[in-house]
Amino acid sequence: MPASLGGVFPPLATIFNSTTGDVDARAISANVAKLMTTGLAGVLALGSNGEAGLLDDGECEQVIVAAREGVPRERLLLVGVGRESTRATIAAARRAAELGADAVLVRPPSYYKSHVSNDALIAHFRQIADASPVPIVLYNLPGPTGVVLTPAMVATLSEHPNVLGMKETSPDLERLGICTALRSGRFPVVSGWAPVLYPAVVAGAAGGILAVANVLPAQCVALFEHARAGRHAEALALQRSLTKIAMHVSSVHGIAGLKAALEMTGYHGGPVRSPLVAVSDKVRAEIGAALREAKGN
Amino acid sequence: MPASLGGVFPPLATIFNSTTGDVDARAISANVAKLMTTGLAGVLALGSNGEAGLLDDGECEQVIVAAREGVPRERLLLVGVGRESTRATIAAARRAAELGADAVLVRPPSYYKSHVSNDALIAHFRQIADASPVPIVLYNLPGPTGVVLTPAMVATLSEHPNVLGMKETSPDLERLGICTALRSGRFPVVSGWAPVLYPAVVAGAAGGILAVANVLPAQCVALFEHARAGRHAEALALQRSLTKIAMHVSSVHGIAGLKAALEMTGYHGGPVRSPLVAVSDKVRAEIGAALREAKGN
Amino acid sequence: MPASLGGVFPPLATIFNSTTGDVDARAISANVAKLMTTGLAGVLALGSNGEAGLLDDGECEQVIVAAREGVPRERLLLVGVGRESTRATIAAARRAAELGADAVLVRPPSYYKSHVSNDALIAHFRQIADASPVPIVLYNLPGPTGVVLTPAMVATLSEHPNVLGMKETSPDLERLGICTALRSGRFPVVSGWAPVLYPAVVAGAAGGILAVANVLPAQCVALFEHARAGRHAEALALQRSLTKIAMHVSSVHGIAGLKAALEMTGYHGGPVRSPLVAVSDKVRAEIGAALREAKGN
Amino acid sequence: MPASLGGVFPPLATIFNSTTGDVDARAISANVAKLMTTGLAGVLALGSNGEAGLLDDGECEQVIVAAREGVPRERLLLVGVGRESTRATIAAARRAAELGADAVLVRPPSYYKSHVSNDALIAHFRQIADASPVPIVLYNLPGPTGVVLTPAMVATLSEHPNVLGMKETSPDLERLGICTALRSGRFPVVSGWAPVLYPAVVAGAAGGILAVANVLPAQCVALFEHARAGRHAEALALQRSLTKIAMHVSSVHGIAGLKAALEMTGYHGGPVRSPLVAVSDKVRAEIGAALREAKGN
């Protein structure tokens, strides 16, 4: 099992059969195999980008198995297991571990957020960390959840021996910067927001889990390496060239944008699951143009 | 099958065994049986109040069966079936209908809201209305979901023959009032916000689905009847006497507050499921005082 | 001085000379004189609708003088005096009183809201109530300010002898309903949200301060009278017929919509002050249609 | 007049006489004189930190004069002039220029934000840029205003010859990073969020306008210089040592925290203006501890 969280990861898209709408495990494995020919540190399966919220438990298992097939043992298979209840999250973490996850990513529950205090959230994460056979990674994503794990909460949880690190999916570098200083600077925080990868690494981030790494993995790895090695002119130029396409396949057009871009870069893409809808032809053309721009650099 | 949506409904609490944490179907049936001795128009099973977001599919089935047992055929069994994906919602609606639901309540999906346009939401609801064997009720609850079904969207959906009506869970009477005027004033809208039940009925609401109706069903029915019959002094006085306890068991203390109040009024209550936590002894005492105040009227 | 707050008030538009952009006091007086031929209880000068935030102190004085000219002594001249600092608000309240205001409307300061606690807000209002020569009316308008006066805060402030009542500008009838119960039901709360005027009155509101009352004063007064007298069928029908035009001249198109409607109903309208911009011809036509619809009833 | 926007600036606190509450121009000049003995690039007068929203026009003039006295001609005197109306903002910009401002900082109007479109906002800024005798700096501060200048809006405005640059007061480095790439990377953007100064500079920021630069100017300048010179280990260490005190004197305790810290570092501090309130003794002690920690580095 990989000992640490660092480097660049793609949050895998879950590929569906375009006729039946069912999970296409073979296509997922093929995407992973191709991704693993680059310098990526591993993959995240069943993140928000993986339409995890739209899958049932059986489909989740198929995705984990398909991802594990393609990820070599010396790289990290991170699996999203967040559920609304503590007990369902624990069950999902156990199942993911059985199927080969090296670590699990746990988003905060959100539906009942108005009646879940920060203390209750901490208790929730602690119970999961206690029960999970593999380390857990805290997942801060205020956009979809409306919940914020504050630096004070992360500080408390970072002391748990089974908490491996944190993913911060926002452009907020104050919170990320404070968390990177925890455990005397040895608490790994990865950014989930590609347009800020370079400043995030400079502020102490250990890497990134980035939608755009599904389609331009080599460029993302290069950006990370430039940033870490102190090649700042190169890093700034590459960051700027990646920002637009990064936004197209995440904040602007979401998973539908990502799947369109996957198809343009030689990966399996295919349909999104309803209520998500495919991008229009106009948006597809814009994404194509943004991809070409980014590759030009 | 009841032809219409109207009157007062309790959104049932899902009762758990206090040792194992599993669904206690017998306790649910017992609560329903007792509730059905009053003038309630039926019940809602698996609403937000029913911790639906914290249950797995098997548990949902147990709850529906338990509720159906206690609800006579001439009253309405409404069942919450909202899921994040269209296909899972359709599957849940079909299963609920098989198990005896008279109609299903469908909340909007929320996790991917930044990439689900109003048009995509309308398509989502239409597909469910097309596929559901029983009528669907639209469910607007901006608090937990961060999604608003606008009056314009509701107007469009109200024309679908399998859309029975709407539940509006907010204190916003502008939106509710506009929706009650749809279908020439024959589109039933029920309020999910007890502190505004009286003005909501006056603005055209057909009834209410109210947490407090689990613990003070007779008073809620009386308030509705006063409002509908134009006994305004009585209605205003009763509304004011119910508002405080209504807030304690919903917006202020949520399901934990409701379960505490259930125990004080002769119903099964018991534990909430984590990440929810029980109310403190201090809050329990406040709830007891608010119950006594409300009963004094 | 009128002893109480009740009935229907228009929040006056501030009319500008269309060449110079300066305050046109004569046009304001003319509008007020015409409005005072109806059953309105008085007027509000310098509310949000009066572009108060866009005027300097000298202009504010002109507006107050112009309004006072047209409002007979037996009706109420309410003047908005909210400023960001306590001391500027007190100075504005004193000046308004000198110029003839019967009472002043005080919105909460908002710019520094993240560092103004509820206790600090209460202290702010208390100092103003202590210093103002005329009674103050609390003004809750969460939309523009991002600040909420909670029922608990209002309860505390309602005990001050120089606090006359409250204006609630939102469609939230929970908060309004709770506040109408203060001082044993004798704390006057007026609604600033015309689409909920009828249910608000039923929930205990003493009246309304409504943009639409600038253009359809008789209908607004009739709605209020129906509601208060318990003529519910008439009230509901009239509420429904007014809601659309009420939204056009407030929440949907704001002051620009109101000024367009003023011109169509025989009042002075004219330009809005930048950064506000006039409505398009298309919107103007929609407003005209909504006015005709409302008058048809 | 300085030709450009870059380096570190303190947003001056406006000092009040502790007996009368009036502006204490002499104390402001003294603070500026002391600040100007360090490597600061100039000062911002009448920013949010300067309680600008709580001052009247005459007081604003006193502050500008006092600041100009202390700022040598070869450094930049930036003056906040944002008002709610376009015409008041233009008048304030002209007056500031007469009194010696080198450039003016213009926040977006916010009170009527629901009826001010992005196009109307652009028109507002353009009119000000056209009319101002000195260059204008765009000011993005979503916290107090609830308004966001999007990168697309900034791009449009950056083409105006009298728009000098931009201040971004948020921890969002995506927006900042995109704006730094405008005008082929020659559009100066300064950060108003000290906890992200280092990553902001790396992402292309030209400097910072930082509350903490009022109390620890030398350290802020050193951090900026380390970041710009590529001394990354030093920069990261210094950033981490400044973050806590930076938060205490801005996001956490605001101006009251800043004034307490000013007094502990040999500057004039004194009272804040109501509705702001002084920090408690407990908070004062925490700020003292945070200052000592930061100076230890």
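Note that the chains take the letters A, B, C and D in the order they are written out, and that residue 1 is the start of every chain.
The rule is short, and it goes like this: a contact is a pair of C-beta atoms (placed from the backbone, for glycine too) under 8 Å apart; a residue touches a chain by one contact, two chains touch by 3 or more.
This is a predicted model, so every value here is computed, not measured.
Counting hops only between chains that touch, chain B reaches chain D in a minimum of 2. As for how the two copies chain B and chain C face one another, over half of their interface residue numbers coincide. Mean C-alpha positions place chain A and chain B at a centre distance of 35 Å. Centroids of chain A and chain C (each the mean of its C-alpha atoms) stand 50 Å apart. Residue positions of chain C in touch with at least two other chains are not found. Taken chain by chain, the contacts form a single closed ring in which each chain touches exactly two others.
By the definition given earlier, chain contacts exist for A-B, A-D, B-C, C-D. Contact residues on chain D toward chain A in their complex (touch as defined above): 171-175, 177-178, 181, 193, 195-196, 198-200, 202-204, 230, 232, 236, 239-240, 243. Across the complex, chain D meets chain C through its residues 21, 48, 53-56, 84-88, 109-117, 120-121, 123-124, 127, 143-144, 146, 251, 253-256, 273-277.
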